[in-house]
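For reference, the structure discussed in these notes is given below.
The chains carry the letters A, B, C and D, assigned in the order they are written, with residues numbered from 1 in each.
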């Protein structure tokens, strides 16, 4: 198994979350409607080109959300889904929660980027609870987002602190959505998920062969078997 | 069988539709939210006292509709459900069709007044089609209104031109709604409908005894048997 | 990508509508009807269309003109028969057009469901009536409901009052009617407006249709008609 | 009758709320939370309440204060656990409060269904997850859905920006969140606003909650807080 020709680029080092945010920002189609999940994915906004025309949605009821508010611009009535004060861009629109989630559930968003505990090779997503007995369950809009965009990307570190892969043959954490993730962006590489399985698109500081092996991606998936059927 | 004591008033003549509209206007609770059906029921608005505080709903997307527009006030973008140009009162609100019918279906209107071909003693309503083969079926909002107000009143002549009663033991025309009418206002009298059956509330130019007989209202319904159980 | 496109003409706006499409057409009677888009659709030539609209045309303009041009196979609407619906009436009586009558609120709610990703819903309207025939019935908490399915459009043609350059829309009075719902329920939403303004000129609190639902916008001079014989 | 009543104090606004009521409480975190109504409800003393709200309280104000006062038996919400949800966390870990977690969009849509007279609806959210347990599953057009039922409130306590004397409401920015939906879903809707204006002063095109949904209004000076530890 060698580096697949489907890998578009690579870096000689594992990416920081900021660098990864820039990679994702590059892949967000110009002019698309995008929801950036709470936490790391919000960083992506900082890397979108000024002329990208990307319109950000926040599920608490707004389109064309602007950057985080600072100083005097802080308005407690204007926050993102993480409850951080944000700003409004020209052409913004406000709507109530039922309308906001109708927009998501109806498949009108182009892209949504979420964090995750685990993603399975078949696109299953686990990102809402560890399922531990002392973990107070809290789902928020995670399940709505998981099924509510044309493309769901995940942004995460590829391995846990103890070195366990988070892109796995089958999720062991409770699921957020079934078969919903189409792409996984990690510090070690980018993966496309689809009916044919996992496809390594880029790698960072590791070669695709080693990466496939560490993750247990079947040879028929991570390699040439895929890009022969474009 | 004699005139029931539940009859609140009576007139010595059969009422005109305009007089009937005034009777209904008197019964519409002050401050209530009301939808007046296309045709005769729209006349009721002319008889509401200026200080009634009644707010009129039109199902094509407006609350606090004003009177019919005349002359320069005609705006093709502002019509009632009968597509007649109307006006807007201070405190009006516009909304789209899904919101307007959610308002109706959700039971938020206090009263709706509809015309009818037939009403059954148990409150069944027939007002949308004669069911004749050459009749192009057209329901509009009739079925939504029939099930969409806390109280559904019917305003109609009590008899057809050929003298057939329109308040009947059982509708022969296709139904608009089941058991939905609570009161029937006619040129010959006003009837309350409920689980106990028909109750004659007022008569106009005919006595209650004769009216009950012409309509075939069972004695246990039209008479004292009812008002003994308030 | 999905950003709304502002086009130069109504003809450009309706380009590519395929034969056999399901087209949601806004308006309640003639209020809010997208006359210029419909005229362009007649010129464009798409046929065998299924039209979803509250009425089936009034007088000889708008939807009535599309029907008269013989492009419509089927109409889903709540109220075809009106004092001035002679075009539809003749086609229907001649057996040249199919009709599915849907209660007005169900028409709106079924399109809302399509736009909101709801698979089906239990609705109390029409229970016990001829329009309940063939529908699944369920009792919930002592009340009877019918199961209603979404109505999705390939295209929506709607009229609005003002658009901004991003595609946000506001409407005018009761001409709002089905526009906002249809915009959510179609794959491609095409809007004619009286005015296009810069993004930032519309009050974000008063936007009725957010830009995400709008695909193509054309600015035209408004034409207004009233329904003949309305009562 | 059903015309909205403008009352003199938050205490008058919450009068009569019974023990055991289901109360819908607006706000997303602290944005849009009706602080004065909640404080009045604490003074009023109703207990054994079921609260439906997006969160389960932040810091020590608003809903958190109601929880701390021991008046809440159960919370239906999407996201109880936050950096500053210490009041709820302690009650929950001590077994002193029940929790039903509902995905945020389902919370909104189930209340919308209650307000819109929909008996139940098929929703794709949460399919295949632990939150699907016990729910009816149906495949429609190749997609899997869960059957979701309405959430109806006895009361809704919401915050809005301006009301007119008829009861029409407008909101401010993302403080709008659940207010408009909750107003439709409760038997009695109680609203605190920053300002009451004469009927006719609000733009009828920009009214978000029409007066029909509003029962009691009180004007109070707005208090604003931000969520601690938001990220």
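In the analysis below, contacts are C-beta pairs under 8 Å (C-beta built on N, C-alpha and C of every residue); 3 or more make two chains touch, one makes a residue touch a chain.
Treat the numbers as computed from the prediction; the structure is a model and nothing was measured.
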Far-end chain from subunit B, centres as C-alpha averages: A
Computed distance of Cα centres, subunit C from subunit A, in Å: 35
Rounded Å distance, subunit A centre to subunit B centre (Cα mean): 56
Subunit C-subunit D separation of Cα centroids, rounded to whole Å: 33
Interface hub residues of subunit B, defined as touching at least two other chains: 88, 94-95, 102, 104-105, 147-148
Per-residue overlap in subunit D, given as positions that touch at least 2 other chains: 109, 112, 116-118, 123-124, 171-173, 204-205, 208
Chain contact topology (line, ring, star, complete or other): other
Contact pairs between chains, per stated definition: A-C, A-D, B-C, B-D, C-D
Interface residues, subunit D side, partner subunit C - complex: 109, 113, 116-124, 138, 140-141, 143, 145, 149, 170-173, 203-206, 208
Subunit D partner contacts - residues on subunit A that touch it in the complex: 38-39, 58-62, 74-79, 82-85, 88, 94-98, 100-102, 104-105, 124, 131, 134, 136-144, 147-148, 174-178
Interfacial residue positions of subunit D with respect to subunit B in the complex: 1-3, 112, 114-118, 164-166, 168, 184, 198-200, 202, 204-205, 207, 210-213
Interface residues, subunit B side, partner subunit D - complex: 29-33, 53, 55, 57, 63-64, 88, 90-95, 102-110, 147-148
For the subunit D and subunit A complex, residues of the former touching the latter: 28-32, 54, 58, 78-82, 89, 92-93, 99, 101-109, 111-112, 123-131, 171-181, 208, 224-227, 230-231
